[in-house]
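What follows is a group of structures, each given as structure tokens.
In the two assemblies presented below, chain A is common to both, partnered first by chain B and then by chain C.
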Partner chain A sequence: MDVAPLKILIADDNQSDRMILAAIVKKMGHETCAAGDGLEAIEQFKQHSPDIILLDVMMPNMDGQEAAVEIKKLAGEDMVPIIFLTSLQDASDLAACLDSGGDDFLSKPYSPVILQAKINAFSRMRRMNNTLQHQRNLIRENNEHMVHEQEVARAVYDNVAHSGCLNLPNLRHLLSPFSVFNGDVLLAARKPSGSLHLLLGDFTGHGLPAAIGAMPLAEIFYGMTAKGFAMAEILREINIKLKNILPVGYFCCACMVTLSFERKQIEVWMGGLPEYYLYRQDTKAIEKVVSTHLPLGVLSRDAFDATTEKFALNNGDKLYMWSDGIIEARNDEGDLFGEERLLDIFTKNTKPDELFDEIVSIVNDFSGESGKDDDTTVLEVTMVDEDEVGKVDIDLSSGAVTGPTDWCMTYTLRCDTLKTFNPLPVMLSILNDVPALRILSGQLYTLMAELFSNAFEHGVLGLSSGMKNSADGFAEYYKQRTIAMSEMIDGYVSFQFDLKPLENGGGQLLITVEDSGEGFDYKAREDKQFQAGGYSGRGIPLIRTISDSIEYHGKGNIVKVALSWEGLGAD
Partner chain B sequence: MSIGSSVSGNELTVQIEGRFDFSAHQEFRDAYEKADPSIGKYVIDMGRATYLDSSALGMLLLLRDHAGGDNANVRITKCNQDVRKILTISNFEQLFTID
Partner chain C sequence: MSHLDTAQLTELKDIMEDAFGDLVSTYLDDSTEKLSALDSAVTAQDAKEVASLAHSLKGSSSNICASGLAEKFKVLEDMGRAGDVTEAAAALEDAKAAYADVEQELKSL
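And then the complex of A and B:
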């Protein structure tokens, strides 16, 4: 095999030996440089960086073995083959040469054929070593680049995927990333009404595909929640978005929850996740919440089912949500953590406030050093009064400065629209163009939601509000609501908004809601001042606290609510 | 993990053995993509499958897509308890015939 010309250092204290060797090597087509002892050899090495070194063992000043150690140190990662030149015959002496860092030896007298073969062999090894080093450096650079990119992307991802109001005092969560990008998504946001939307998602796989899907998911979740959309509409939108952008086979197991502090109720949609536990503080009992749906991003728009389940909660009741990582956590022996161990934590617990910490520490102890197979996300949600979590922040930074001040509109929803469409976001978006109403946005949402559900459920559908007095009746109420809605063939709800400026710089909004229902005996109720407790009562006391006045007209199917405000002042 | 397949008439049976996860990706795809185009029915035999993860669920969806999406005729058979549980949690019985 032809060898490209190499630079070869010949170190030998015997000048004639050195010249003979140099002649042979030059004849092979290589360049040479020469040294007369170990120190000179090191000096020459520093100056000329030779490819291969032929090194005499016994030399004055510094012998070959010492020089070899030094040269190997200087060469660092580069492969510089050292072939010892020796007249030694003793096996242990020859072995000592190799131990000091030599790669081979050549016995005197030199055989040009053997020398050439050895130079060729080491040249090949050197080239191979260079290639390896080059490729390793390339991989290292690429990897550093990729890790850096992922860290930047991760920072963006974390801002999107694990954000919102997860720091609310009634929420506790754990996120443990398995890879740079965690496949888990945990989102929390308040609705204008003050209710809380939560979404726990677990994308198929880890890393980039998971991260990419999380972006639109979070965007839709936050955007639509802030605009007051209901859970079913948000889920439909997320599902179709993921279905459209993710390749077949990639999807997001998810659970979305709406928690209403006011109604003391949670509404749950769950697809493709293990059972969740609803912990009742008074009885210490566990109710299981199971997935009834396919994951998000699997079904088409028409096939997607956004049916939810509702649960009444008392203050202190807790919902535990997790990704499958918790059940699939493995210990060093490869055993799964499993549902029994998880349930065990709940049955053995004596202090509900410490449940979350117990879950986290027991799962961590179990999986120990072996880490986890999957991303583990745990969220604890506690039902509390709204005072404990505070009011919703309203964004005043967008929208017109003055806004419309004197207008009137009527919006009538007929049968098919009532069945499928939630008119609240549209109406609120119009009302929110009035700056003063934007400040009242939370109250306004509550007001509109109450008025709409009264008109639709008690009016058009004719459901009795008394049913919602007990937890059982509460469930029955929603069952009947579904039936009544599917049987509905006509009916309407009509909203009229009349907004007028007042002389004090403020304004007044008069809302009139009329429905096609039978109405009710409001005169009898007015005497009792619409007192009602528990879950029911048409939310009239609530409407009263928000608005200036509420009056029923007609047969009880028309309600007028007035809401006024003072001027915003100079700022 | 290993994937086997056999054809009877226009029915393709794919047998899964061991852990059904991403490592089976290529083999599983080959099993149905390289099969005769006249295949109209698919059977996934889980008799010897010990476990499946979410990427396996993804692969089943890919097969369903290949087999005609909503009109696909795909049966998943002989699931052990663990496998069955994972399919149930994901509500895959809405998409596949599982027996």
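And then the complex of A and C:
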């Protein structure tokens, strides 16, 4: 087998021996350079970088072994085979030669056949070594590249994740700094109505595949929550999105919670996560909240079940949520933290305010040196009054700078649509296109929600508003609502929006809502005094505080609400 | 009787081609010098120097197809390594005689 021409260094203190070697090597097609002692050999190596070295053992000034040591040092990571030329025969002498860095021997008299075979063999080894080094360098480069990409991915993800409100006063959380790459997600956002949406997600796997799923999930969660969509709709969208984009076998165990400060209630959907604990402040009792669904991203649109569980909460009651990382945390001996230890923390606790800190410190102590909290995600949610968390902040940064200022539109929803479709998000979205209305977004949402509720429930379905007087009444009311909706055969609700600019630079919005119901005796109402507060009424006191005027027409089944505002830039 | 290995010699001529003559004269010049130095070393009873020179001559002789001659130098090398060159003079004479034969045969090629 022929090899590509090599550069071979011949170091022998005997001139005639050098001549013979040079002749053999040149006949093979290789190039040569020569040295007469160890020092010259090192010089030649530095200057010509030979591929293979033929090195006599016994030479004056510096012998072969010393030279070999020096040359191997100079070669570093590169493989430069050294074949000792020797007529030494003592085994320990020969061994000493190999120890000093030699790779083989060639004894005198030189056999051309043997020398050629050895040169070829070492040439193959050199090539293999070069290939390995090259591949190792590639791997190292790719690895650095990947780490860098992950850092960028993380920065992008942080921007998406951190537009949430996990820093609300009634929330406490522990989210490991490596959470992006352990697949855990924790999101919080307020709806325009003031309610709080929470989502804790645990994606299959680690690293980028887990992080990538979190991006569309976060976008959908924040986008739809801001527009006022209900939990069920958001879950459906997230589920089908993940099912479409994640590979088979990848999914997201999740828990979503809607917390209503006004109604003192939480609504919970859980899929694939370990049980959660609901702590009652007055009785110190612990209720378990379990997963009743499959994780997100598994089922098709039709098969997905968005059924939720509702819990009434008093102020001070707390819900604890986590990913399974907390249960699977291991200590130095390899034991699992486990569900029993977790429950133990709750039953042994005496100061509810310190419960969250206790969980964090006990888990940390348990994990010790190994892994610490790199897989632990915990959230404590406390029920409070809305005053404590404040009103909803409207984000003016979303949406166009200029928008339509002079237009009119009518949107009529008929029977079947009324049963299944919530029109508020899409209508609010249209109104949000008008920059001035974006500032009023929260009030607009409340206004529209009330008008729609009145028109649909009291108008079309004919439900009495008086029932919403008490907590029990609410439950009965919603029961009747469900029945009435299923029995509906016709009816409509129609929204008309009329937007006009005003001379002072501001604008006016006229909303007209008409329903197919019987209406009510509005003339009689206007004569009465309204009670401030209370559950009942057609929300009319509420609408009065937001709008400029409110008028009833027809049978009372048509209501006109007018809002106006000053020109922007007056700030 | 030939003091050179015929088969090895053929192979060597084949390797060296036209440079064979140069090789022979290089060997002869080099060996003459080294023998003279070896002589001085034996006289001076310098065991180390004897070993070193004998080793070198042994090597080059084996390469020039004179294995018998190489053996003679090995004897001197062993003495030098052992540190005792008191009997080296006789071995040296033996080697010189063998060298003279080889030199003659090489010159006649």
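The rule is simple: the second predicted complex is superposed on the first by the 318 of 571 C-alpha atoms of A that agree within 3 Å, B and C clash if a C-alpha of one lies under 4 Å from a C-alpha of the other, contacts with A are read in each partner's own complex, and residues count from 1 in each chain.
The working rule: a residue touches a chain if its C-beta (ideal position, glycine included) is under 8 Å from a C-beta of that chain, and two chains touch if they have at least 3 such contacts.
Only a predicted model underlies this, so the values are computations on that prediction, with no experimental measurement involved.
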First, second, both or neither for A:165, with chain B first and chain C second
neither
Contacts of A:112 with chain B and chain C, given as first, second, both or neither
second
Would you check which partner chain A:562 touches, where first means chain B only, second means chain C only, and both and neither mean what they say?
neither
Under the stated touch criterion, which partner chain does A:62 make contact with: chain B (first), chain C (second), both, or neither?
neither
Return first, second, both or neither, reflecting whether A:23 touches chain B, chain C, both chains, or no partner chain.
second
Return first, second, both or neither, reflecting whether A:488 touches chain B, chain C, both chains, or no partner chain.
neither
With the two structures laid over each other on chain A, which partner does A:295 touch: chain B (first), chain C (second), both, or neither?
first
Please work out whether A:249 is in contact with chain B alone, chain C alone, both, or neither, and reply first, second, both or neither.
first
Parts of chain A lying in touch with chain C, wherever the complex brings them together:
13-17, 19-20, 23-24, 27, 58, 60, 87, 108-110, 112
Please name which positions on chain A make contact with chain B in the complex.
202, 204-205, 248-251, 253, 271-274, 291-295, 298, 300, 303, 324
Please output the residues of chain B touching chain A within their complex, sorted ascending.
22, 54-55, 57-59, 61-62, 65, 70, 89-92, 94-95
Show me the residue ranges of chain C that touch chain A in the complex, using the header's touch definition.
8, 11-12, 15-17, 19, 22-23, 26-27, 30, 52, 55-56, 58-60, 62-65, 67
